[in-house]
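Chain IDs A, B, C and D follow the sequence of writing; residue 1 opens each chain.
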Amino acid sequence: METIQDIQGEIIEDFGMFDDWMQKYEYLIDLGKELAPIDKKHKTEDNLIKGCQSRVWLHAEHIDGKIIYTADSDAIMTKGIIAILISVLSGQTPASITDAKLDFINEIGLKEQLSPTRANGLVSMIKQMKIYALAYNN
Amino acid sequence: MLNISEIRKQFPILSRKVNKTDLVYFDNGATTQKPQTVIDAVNNYYKDENSNVHRGVHFLSGLATDKFEETRDAIQQFIGAKHKHEIIFTKGTTDAINLVANGFRSLLNKGDEVIISELEHHSNIVPWQMCCDFTGATLKVIPLLDDGSLDMITFKKLLSENTKLVSVAHVSNALGTINPIEEIISNAHKVGAKVMIDGAQAASHIPLDMQKLGADLYCFSAHKMYGPTGVGVLYGTDKMLNALPPYQGGGEMIKEVSFEKTTYACLPHKFEAGTPNIAGVIAFKNAIEFITGLGVENIAKYEDELLQYATAEILKIEGVKIYGTAKHKSGIISFNIEGLHPYDIGMIVDKMGVAIRTGHHCTQPIMNKFNVPGTARISVAVYNTKEEIDVCINAINKAKMMLS
Amino acid sequence: MLNISEIRKQFPILSRKVNKTDLVYFDNGATTQKPQTVIDAVNNYYKDENSNVHRGVHFLSGLATDKFEETRDAIQQFIGAKHKHEIIFTKGTTDAINLVANGFRSLLNKGDEVIISELEHHSNIVPWQMCCDFTGATLKVIPLLDDGSLDMITFKKLLSENTKLVSVAHVSNALGTINPIEEIISNAHKVGAKVMIDGAQAASHIPLDMQKLGADLYCFSAHKMYGPTGVGVLYGTDKMLNALPPYQGGGEMIKEVSFEKTTYACLPHKFEAGTPNIAGVIAFKNAIEFITGLGVENIAKYEDELLQYATAEILKIEGVKIYGTAKHKSGIISFNIEGLHPYDIGMIVDKMGVAIRTGHHCTQPIMNKFNVPGTARISVAVYNTKEEIDVCINAINKAKMMLS
Amino acid sequence: METIQDIQGEIIEDFGMFDDWMQKYEYLIDLGKELAPIDKKHKTEDNLIKGCQSRVWLHAEHIDGKIIYTADSDAIMTKGIIAILISVLSGQTPASITDAKLDFINEIGLKEQLSPTRANGLVSMIKQMKIYALAYNN
């Protein structure tokens, strides 16, 4: 398994290839479409993270000392960003997840989307991912 | 005929770039941009006139007070109020409605009824829920018809001698519907109910004449009518306002304070506790002058042209659905495109410089009625153009292509 | 050491003429003047950034929201609050106190007691009278000693397990007294009472650290601290604010609205219904930066020098009496001259360009205590100078000559 | 008896002689000091017109078809202005008082003092003077 740091490096590299916002957004849309679906039974009210505009469902499982996340959103762009976050954090150990510094966010120009003042639920989602990890870390 | 390109020049923000392209601002329902005269008035106030108002005997205090009160005069004229003291300055529409809903806590009893409608902004729902919770009064809701207009037949059935207040929007911020408030007022008055109108989306779009209209209470926000943020107006008839108890306690709203007994000042001061948004109130006068300079009728006519044009263009988009198709509409268009989330559309058109609003527009009951999580919304102001509508439609089409 | 002449250059209004002479502004307790950076921030906001905050997905909305929230961060740091969501934006101090006093309507019962003091501003009296009227709780008053300080012995006797809240000013706007709020807080907490501090006259004059201070609630107004009009802050501990019910209903303060059931948003949004004074909040950050740039300690030290100098000079006037001679005082001097009405003094010195306040300063109980209809009041800010004090004293002497 | 218009003309002339605010204020102060005192029994709560800063007492009597005003204030400058108003209106008929246009106020530079937004009680005093006249006019 690659480390969180490695994966972040690859993502930065991927995004480095784009010349403009359109390519970047198209990539996000593709990622969103390809995101492995969440099991229907996990798309519950309990797993719902409410942003103001797009809804995000997040589920976490602890398998062989690793945490596996699945998620969904009703907005495709949000789903694209979720796909990236899952590719970085899913399958990692609880400890490495709680310690993770997600500095790739700044470098790929998604800082705005992930600003705590934005109303898309993604910041709460990252927080929730870390809370799950923390819970399994004990 | 309005000279729109001359008007645009008065708004400095309209020449800024967003994401390297020209800003196309269609989020006027949320807040409008400000003309240079309004910006200058704030500037001049702080540079040359700043002082606390009322009570002071020194020059600046007198100057600031005079200018502050001139805005009250201007508003009185603008909305055709009978008395100057019927104009109360608030923080905004929300503040104004809360002031009234709080006052009605002492006027309502169990068994009384308050009527609002299904198309209200949360600001005209929640305060009444709180007021009814408190008093035991019942909240009744005028339902929406499928075209986004009020079901007036049901409204009339809801009215009874138990109805103490009807509070409805003049114009729906989510659907654009212009409600038949004259009819609502006259019917409500017949059963002895008071009427409050939420004019947040009307005041710079539709000519107002309080004495003709006959509403007991009417309110609006400066920031939605080319004016500064943090200023609103509550109009109420002398009689109605005198019947309401004071809202906030503090300086300026009292006649005499002792620990044994405090007596309250007359209108309008009774409702204006604390240091107001002086800069904002003073500059609001310039916004009013901007509007009256163009003429509200002319603005209404031009905005209606934009509405008709934009509606026709949007309907050409495949899979589009417009929410709110009532006969009487103001310049607001809410829509969705089949299979797409409004958030995604908003995000993408933004990259092309186009600012539209997406979401529930603080009108969740409307979203529930149409069974959507939200909509994309275009709302026009007098500085918008048909060319901008074209840019916007192009951007939406591009978003649609990228997302499909 | 502060470079006052450099500081003065940042305030455009200080170089204006009043009645053909230089403005000498000593009405800072009512409102301070604004530095260029604050004026520019408002200007830039309207020219380049204006948009409604929160909820919007387009560029300007994000920009305005980020800047709006940056002010919240700046305030958190400025007052040493533990959490960002403990900072609530209001219209001003009066609005903040009313928000809290309204909330305590659901926390107080008959037999409970609220303690305020005899030196409070009407804004910290009337809301509690209204709250006690409503709940049947009893309002107790800490008396003033002759020097204008609180009678702390009586205060301790007033405290009991019935005491649910103590609300006192940090600094008296009429007398300048700095109250021993640390002692008040620790004593009140011992009996389980909550403490609210009205910091309107303290926030730009005395260093603040909420976590050290331990107050449950603290509030102030931007316009009295070099910031824009129409903005205030209510600080409350997470625990205290969560215990208070929402105040105003509207947009932004809700999680979900339906006609059956409305649920409220988390802090700070629960208390921020409606479109806020966005321009004002954003520019408030620049005022905070102005203050921290100089250092509150340095400001306090310099203002104390001015206070000492002005006090000594005023006492040279024959027949003068200063109200408020407590050991711990901020830069506020209230006085009368035997046989003269403060209004007459204020009117005449104004003609010489000197702005002082006259009247009851919204503290009628203090006026009653000292048995005067009002006083003349000099209140200093960091841009005032000893030379200005000389001009002021000369003007007062001239007024005295004319009036005697 | 001179007409209201005549008296206003004289006052404008008087004030025309002053070069600066000081002379004008000194004159007002003198007028204030010389104002005929109000009868103590008329200095009642009922006759009190509350401005925010200076208190004004106003009493009116109807004698031989004319209205005689007496007044007082705790502030001397206010008293000076009152003295002028009384010199204009006292001793006139109810009808001429209710009809009076007090345009001298603008011309002698007291407009500021008599602006409706000023907190000295003078505007309310003029209003009250007219109300008395109106009452006696019926």
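To be clear about the criterion, contacts are C-beta pairs under 8 Å (C-beta built on N, C-alpha and C of every residue); 3 or more make two chains touch, one makes a residue touch a chain.
As the structure is a prediction and not an experimental result, all values here were calculated from the model.
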At what distance in angstrom does the C-alpha mean of subunit C lie from that of subunit B?
-> 31
So what's the Cα centroid distance for subunit C and subunit D, whole Å?
-> 38
Whole-Å separation of chain centres (CA-atom averages), subunit A against subunit D = 77
Give the residues of subunit B that touch two or more other chains, as numbers and ranges in rising order.
-> 19, 55-57, 343, 347, 358-359
Residues in subunit D with touches to at least two other chains are numbered 52-53, 119-120
Among line, ring, star, complete and other, which best matches the way these chains touch?
-> other
Kindly provide every pair of chains that touch.
-> A-B, A-C, B-C, B-D, C-D
Would you tell me which residues of subunit B are touching subunit D in their complex?
-> 54-57, 62, 65-66, 68-69, 255
Which positions of subunit B touch subunit C when the two form their complex?
-> 12-13, 16, 18-19, 23, 25, 27, 30-31, 33-34, 38-39, 42-43, 46-52, 55-61, 91-95, 97-98, 101, 121-123, 125-127, 129-130, 139, 141, 221, 223, 228-231, 246-254, 256-259, 262, 273-280, 343, 346-347, 350, 354-359, 362, 364-365, 368
The answer for subunit D against subunit C in the complex is residues 21-22, 25-26, 29, 52-55, 74-78, 119-120
Per the touch rule, the subunit D residues reaching subunit B in their complex are 50, 52-53, 112, 115-120
Within the complex, which stretch of subunit C touches subunit D?
-> 19, 341-344, 347-348, 351, 358-359, 373-374, 402-403
